[in-house]
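Which chain is which? They are A, B, C, D, E and F, in the order written, and residues in each are numbered from 1.
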């Protein structure tokens, strides 16, 4: 991981609340700590889901540390899917640069309301923090989206991976009872993934 | 919903940051705003999952508002399951009063590590905020647990409900691609639930 | 003290706001970092106050770090007292597992209102953050309570200890003026404790 | 209480996190919402403790709402005492404009360390949030201090008032056990105050 | 301004810390509360500075309230300038969709270090919260940028407007002393703007 | 810089959220970590602006770390000016100990409203966080002010220094376009400072 940089002496109270000293000499701050190249390049969507994430978070831009924001480019092949997932630490604001994208999120218990919308170029959509959501290319060409997140390190819990592909796996009888199906169905999902 | 009470003049800066005035005359504060009865009573576990939640959150105790903590009792019939879910706003600290309980949680991408443990009476376990977790009675008698949460309103996203039982439902082809199965499998889950 | 573990890469924005790097390899996270045994065991109440605290805080469970919650078991001998004290960093939610317990808290200036209640088994009570409160066994048998706190490290200021038993002691004439009594009374309290 | 004013459209994210709208038309903001007169005037110290507080908090300056700071002037007659108390929501930074002042605070359990210092004109001292502290004039003339607090509404719990003068009073036997004295001593304190 | 919507019952602890009740029935939540059209459309840069802002903040998207993020499109005519300004409540993460853009920021006292960089299509740059920064089109065609901000309501203080064009104006002699120039220079700036 | 001290074991949840361990043995805490001398001494105002700052922040008082408050003394020679500046991390509450002081602040876009007031001895004024403000001695004698800030490390961006005196300088044509003047005017300001 890249060297962590804490810029608090320059500007940040949040930081000074933390440790009150300069982690790196601000006289040595470089523009390179705050920049990144390549968000114009398409990600590789040749995968079973047909989507690709190109992140610009604190892992790529050390100067983002503690600043509470990051950016991501997402590419979707035709019918490509960014499958249901949660960002435990970030709301996303989403804009479509190219193509037609279906987006949806589900509210928490007890309602579990599903809200969806088909976005065109220039449309903006918000996924509130901590809710399950997905996006799917529903047009004939590729889709490009740019996303702003309310954390420098949003985190991702992809539901299918966490529930059916954890390491080690959750036992099949727990999942069968969870989804109220027999083991054949659970095997089908775990076996395929 | 019960009347909301904001006690900030008494003690809370968080509150005074919000609105700086007394929402309710503190001379009228009652012990009843801060108390609840009945956490000794077993919940009704006669349901397909075999578990029951008895909450003591801000919905039951209006004085909890803004105070960042709540409590829950959970009952489990033999082999009863509190299925995989997320609390988007709370870490839980969990103690077993009676019986034998398997607990597990899964970390976020990319690891998706599954950590589990079998708890006996008197054992304590922590589910960190925002992670998918479950508990299951693995003994022959009933299990009782008491849980402290780091929010007066923890929220719950039950994965099965949000993904397969939302209202309206997420379309089957999104879910089939998500779990990399054919529609028959998705139908089996949606049909059963 | 146990090794401190910061799990931020897994799930926590608060943490990433702090330092943006992984303090411990999440691949190495153990269930033991999130668990503790023995909350079923009674504490030793053979002391002048007749009460005993068994904590499950970050000092016992390193994985609780930054997670904003902890748990405590309290035992009270008959007429045992947890004397007036403040948790500067936590609200407590309290449930009685066994026995009869009188609880009370006092609001801040200018009101100084005293609110109290006698709790039975299964009752829940809330002590808001930063207020002086106490609990006392008012039945004939022992009392057991389980407490959830809104901090992994609630802190305790026991009024009698801080005012009359500090090291070194506050001078007697300050305390005499504080309580508007003569030195004989202050001596009586300091001498006894 | 004065009308509450929320200035968020002007400058405050904390506020916009709360409600996202303008509570009062910023075109109508007046300098008077941000100012107060009279901190040059001595408070009336003709009381048993010989001290007086002149506040400049959100109760006097509505524009301070949400801004996390306030100021207080304190006057002390010779040997006047600001008795042991806690600000549950604020650290104080203290400077002496005139005279000689003894200040002290006590840390929390288990140490209960008492730290004190005699301040002269121009000296600065810090009372950390949530700790019991006091100040006493130990010179022959009056003392004036100016205090900055880390809350617009610091709150005050005066130990003597909360423990021995609450309304209604805490029962004498609780206090006798608390301080490990007999009831005569408790009666002496409650009777005098 | 659009109706304010607080979605806390759905997902947000921050919100429940505020007021603990549902401001709007979540059964009535609409996708339209979370979306906006038109970020594909160029802003009108026919103004003296040659730049234009198209916001997607809480003022346009009520569902963003409390969620701590927003988005903006910025257009720059050739040599167009987004002049030195501060966002008091937000860090910005910036990506260039088209053209060549010079960006710069200045750190706080005592260093006042100026850091700048020329960005090409696909480059990302970060302006840390609270620092003076500007962007300028340094190519021959128009520039389009998309910006993510760490607040739903970032706020803007444009230095030239606040210092030389406030209503009413700051007196000329204050500004002359500030910039250590004679009144003719101040008049030149105030007269032109 | 002085050794950083984190006192969290004593009292601070904010701190324990950060790292959950004691950075310095509280048994070794000294009053000197929480105190400073000399705020009674006038600063040296023999400089072009005729004002001087004497700080009591975390840089001078290590015990202030994380406590969210600091204090400053400001001296003004006759007609001395504390020129337009921003504290990115602090609101200031200001009281005048001696003399007559004009104070003013400007709100953010789009209003840019200038609010000012002439303060006399004993008057209090508030500069909200993140707004450009200044103070100027408008009497015939010196002025002394005491300021409380809502951060232990408020930070300062002096507009003239950051815009016209950065290292290296912002290019003249950017500033000319910013202020809508010709280069001669910019040269006049940069040349003088």
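Quick notes on this structure:
Throughout what follows, contacts are C-beta pairs under 8 Å (C-beta built on N, C-alpha and C of every residue); 3 or more make two chains touch, one makes a residue touch a chain.
Protein identities per chain, from UniProt: A, B, C, D, E, F = Germin-like protein.
These numbers come from a predicted model, not from an experiment.
After Cα superposition, the angle needed to carry subunit A (Germin-like protein) onto subunit F (Germin-like protein) is 120 degrees, rounded to a multiple of 5. Counting every residue number used by either copy at the subunit A (Germin-like protein)-subunit E (Germin-like protein) contact, over half are found in both chains. Centres computed as Cα averages put subunit C (Germin-like protein) at a distance of 39 Å from subunit F (Germin-like protein). A separation of 24 Å divides the Cα centre of subunit D (Germin-like protein) from that of subunit F (Germin-like protein).
For the pair subunit C (Germin-like protein) and subunit E (Germin-like protein), the distance between C-alpha centroids works out to 46 Å.
Residues of subunit A (Germin-like protein) in contact with two or more other chains: 10-12, 18, 64, 68, 88-90, 108, 111, 113, 129-131, 155.
Listed in rising order, the residues of subunit E (Germin-like protein) touching subunit A (Germin-like protein) in the complex are 7, 10-12, 26-27, 29-31, 34-41, 56, 61, 63-64, 67-71, 90-93, 95, 97, 107-108, 111, 113, 115-117, 119-131, 146-150. Residues 48-49, 79, 81, 83-84, 86, 88-89, 104, 106, 108-109, 111-114, 129-132, 134, 136, 155-170, 174, 177-181, 185, 188-189, 192-193 of subunit B (Germin-like protein) are the ones that touch subunit A (Germin-like protein) when the two sit in their complex.
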